[in-house]
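Next up: the structures, one after another.
Both complexes shown next keep chain A, but they swap its partner, so chain B is in the first and chain C is in the second.
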Partner chain A sequence: MAEFNVNLRGVGSVSVIDVKGYLDAHTAPELENIFNKLLDERQFKVVVNFDELKYISSAGLGVFMAYVETMRENKGDIKFSNMKENVYNIFDLLGFPILYEFYKEEKEAVYKFGDQR
Partner chain B sequence: MNSGNKIFEKELLIKSKTDNLAVIRDFIKSAADESGFSEDTIGKIILAVDEACTNIIKHAYKYSPEGNIIIKIKFNDPKFSISITDEGSHFDPNIVPEPDLCEYYKQKRVGGLGMFLIKKLMDEVNYSTLSGNKNQVILVKYLPN
Partner chain C sequence: MQQLDNNAALRNFSALVDFSNLINSTLDLNFSLNNILLTCFGKFHTTKGMIALLNDEKYFEVKVSKGISNNIISKFPKITIHNYETSGELSSYIEENNFPIVQDIKSSEGLKGILILGQRLTGKDYEEEDINFLKTILNVGSTAIENSIMVEKLKRVNRDLDAKVNQLSSLFDLSKEFSGILQIEMVSKMLVYSLIGQMLVSKYAVISCAANTLHFLDNRFDENHLRNSLKQCESNQFTKPLTRNELIDKYKPFAEVGVDLIVPMQIKGETKGLILLGKRKNELQYTKSDIEFVSSVGSLAIISIENARLFKETLEKQRLEKDLETARNIQNNLLPKSIPKLSNFEIAAFNKSARMVGGDYYDIVKLEENKVLFAIADVSGKGVPAALLMANIQAFLKSICKMKMQLAEATGLMNDLVAENTTMGSFITFFWGIIDNAKKELTYVNAGHNPPLHIRNYNITKLKKGGMILGVMETMIPYISETVRLESGDAIILFTDGITEAMNDKWEEFSDERLETLALQKYEESAQNILAHIKFNVEDFTHGAEQSDDITSLVIKVK
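Up next, the complex of A and B:
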């Protein structure tokens, strides 16, 4: 029922995941599949672009928590960009800004990986 | 302007499947809209109910899709009350610790955030056990003056 779409594209050495629609307990496995694919391909630098995400529940937030440390252990990270205020507020309520980097624009987030080379 | 003692009740009986979460959210949205909440508050109520139902599907029914979830909304201005009842395994909300994100990060733990969010998003949260092995959580939000 819930409409959710996830798309993966490469920007240089960074993998950008576009998430769209409603990310809940029903749709979170689709996002997990993308992260598993990235791990299989040993792609650890990830930017998630939230521009078209309308809704997130803790099931969606849990996906990022499940994968971020593996990315960091391999000199990568999961960075967030283009988040709408209502979605950011949920991340904020759970204290995510302490542990994750949030950027207004995707290109800033991608650029930050360049700094870490 | 005060809408003047607006009162209504609505009920949704639904099976314990995650693809029903979207139906549940639509049901809550239309009732909260009718009650006159702001868009921001409606978003909070929707998320709290989604989290409560997700917990029921995962923990009370352990993803079995045949369980019943009964959602009853009562609005008696200014009190918007949602009772969510299931017939699955009982769980004690008092034994679920408040999440510490840094600890979660270290342990790669991904669960337990839902209950914490519910508490943050709603004005009142009350868990109880009913006769016939039913579990109930009542979530309340008050319409501001």
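Up next, the complex of A and C:
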């Protein structure tokens, strides 16, 4: 069974989600739980750190589509950072780069939220 | 003079070599086009130029330009490979904007595009020698352009292929996941995530249609609007995918809610569900390949959803069957376990339900020494509701017995209780009587039950006195009872309509006549034997046909 781990931490007013392992249809609900938790806590500024993510399927991408609008409606966003090339390629293939911001480093992504204040 | 010409030729030649080296060192189309223009600018001292290439539809499209305003570029005529020489649009465009040079760019494969250049800064005309040089540049350049175009095409094809591979692996993933899940909510969740991830949508709905009712498994549209729209359009009329234009034309309400694509989920050509998707976030329309993907994922999902539904149904059915079995046991316990022994009478009874639980009822209760009460009843309907009502009757009967009332009066009370405790339309045919062992008497009340047969000396009397069936309304007219003196050898046969209406495979009923004939033939035998004959004859008659109603019979024989 493919492993997937998700961890939530705060960096200032920004919530950083670390995803690790394989994010697919099977493991997507775990990530979904984290997003639901963020909505409950009214945390809308989110950076997803992909540093340790090995694989993502389109169902995994779907989770981001499901929540990005709510985040943006509440003056937040979902930004991506530290993505490996093979993972980025899937995002790119499905046209995500025109809709989402991608950063090399988590710091930059977090910093960008600072700009919007 | 000769020297001068040679120098010029040498310069041209070295420029050409430079150009050739440069342009063949890259596969970047824009870089190649830029270089062709810049080389021309440098060589001919002009500041204006553009290159238009033929696109896949064979129209000319300006790919690169320098020194020319966007306004002029935007007015570039819409010409194709077939009419660019004949239509005159190109020549008037060139005249208007004072472009002295138009050259075809041709490769071994044919026309690739055209190059247009503006006036020379020196004010001189382009010489024949210049045109020749230009042609040479374009000859060299055209191959580079063609290669670059090929590479771009390949990249595009590659990307399309990558996208297809991704869709396939997504499908593969899902089919693996779906097959293991028996929860409808999980299946629909996975379906949704795959769709919105793959299609870049944030508005969607997944609806399953089972037994003509719609279940919204997931929905991000306005639910009321959507329900209304679906009411207007029957779900089973969605047999193929509908895209934006068809929705606007024929299913306006959906388009108004923001639905951009409807894909039916089908099993064996029957629509079992719908996937509705909103506009894509990248503003693109759904392509044929996208719709195919949605369709494939949908088919996978609906099979899982259907499996999950059937699984749930089976579980529920199993639970229900278990409940029924319990009910059956309880009901069996309601029927008398033993029959009181009397010195002057023999009593035998038999009951068989058509379903697990039934609506027929009989009871035999010893009231006091020498007095036994017996009853037979048929509750309208069958199955669980009838059985529940029957259980009520049994309870009423047991309590009324203790009150030591007259039978007629007790029947009135029984009717009131039943009428109060049943819903509209339920009723009970009911017969009860008290045997006096010492006096050899029978006192009975018949509340609408099939009249029991009293047989004496090969003669049948029907026990009909009483009143209305139980449960229709409160007792208005009192029930009346009758007391019958009994003699040795008399037989009384009580039965429910399950016996007289038992059907054979030719749709014939066992009938009162058959029962009466049988009664006359066998009434001299013992109660147990008479009952056995009735059972045997009914079973023999209906042989092979399914028992459709409960069967109950009671036989009383006077010793």
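As a convention for this text, the second predicted complex is superposed on the first by the 117 of 117 C-alpha atoms of A that agree within 3 Å, B and C clash if a C-alpha of one lies under 4 Å from a C-alpha of the other, contacts with A are read in each partner's own complex, and residues count from 1 in each chain.
Operating definition for what follows: a contact is a pair of C-beta atoms (placed from the backbone, for glycine too) under 8 Å apart; a residue touches a chain by one contact, two chains touch by 3 or more.
It should be emphasised that the depicted structure is a prediction, and the values quoted were computed from it without experimental measurement.
Student: Looking at the superposed three-chain arrangement on chain A, would you call chain B and chain C a clash or a fit?
Tutor: On the superposed model, which is not a single observed complex, chain B and chain C clash.
Student: Go through the superposed model and pick first if A:I90 touches only chain B, second if only chain C, both, or neither.
Tutor: both
Student: Name the contact category of A:G60: first (chain B only), second (chain C only), both, or neither.
Tutor: second
Student: Touch test for A:D24: chain B only (first), chain C only (second), both, or neither?
Tutor: Touch partners of A:D24: chain B and chain C.
Student: Under the stated touch criterion, which partner chain does A:E69 make contact with: chain B (first), chain C (second), both, or neither?
Tutor: In the superposition, A:E69 touches chain B and chain C alike.
Student: In the overlay, answer first, second, both or neither for which of chain B and chain C A:I98 touches.
Tutor: In the superposition, A:I98 contacts both chain B and chain C.
Student: Please state which segment of chain B collides with chain C in the superposed model; the candidates are 2-10, 74-82 or 92-100.
Tutor: 92-100
Student: Taking the stated contact definition, name every residue in chain A that is touched by chain B in one complex and by chain C in the other, in rising order.
Tutor: In chain A, positions 24-26, 57-59, 61-63, 65-66, 68-69, 90, 93-96, 98-99 sit in both the chain B and chain C interfaces.
Student: State the interface residues of chain B toward chain A in the complex, per the touch definition above.
Tutor: Interface residues on the chain B side: 18-23, 25, 40, 43, 46-47, 50-51, 54, 57-58, 99, 101-102, 104-105, 108-111, 113-114, 116-117, 120-121.
Student: List the residues on chain C that touch chain A in their complex, please.
Tutor: 159, 162-163, 166-167, 169-170, 173-174, 177, 186, 189-190, 192-198, 200-202, 281-282, 284
Student: Per the contact definition, I'd like the list of chain A residues that touch chain C in the complex.
Tutor: Per the stated touch rule, the residues are 24-26, 28-29, 32, 57-66, 68-69, 89-90, 93-96, 98-99.
Student: Under the definition above, what is the set of chain A residues touching chain B in their complex?
Tutor: 1-3, 22, 24-26, 55, 57-59, 61-63, 65-66, 68-69, 86, 90, 93-96, 98-99
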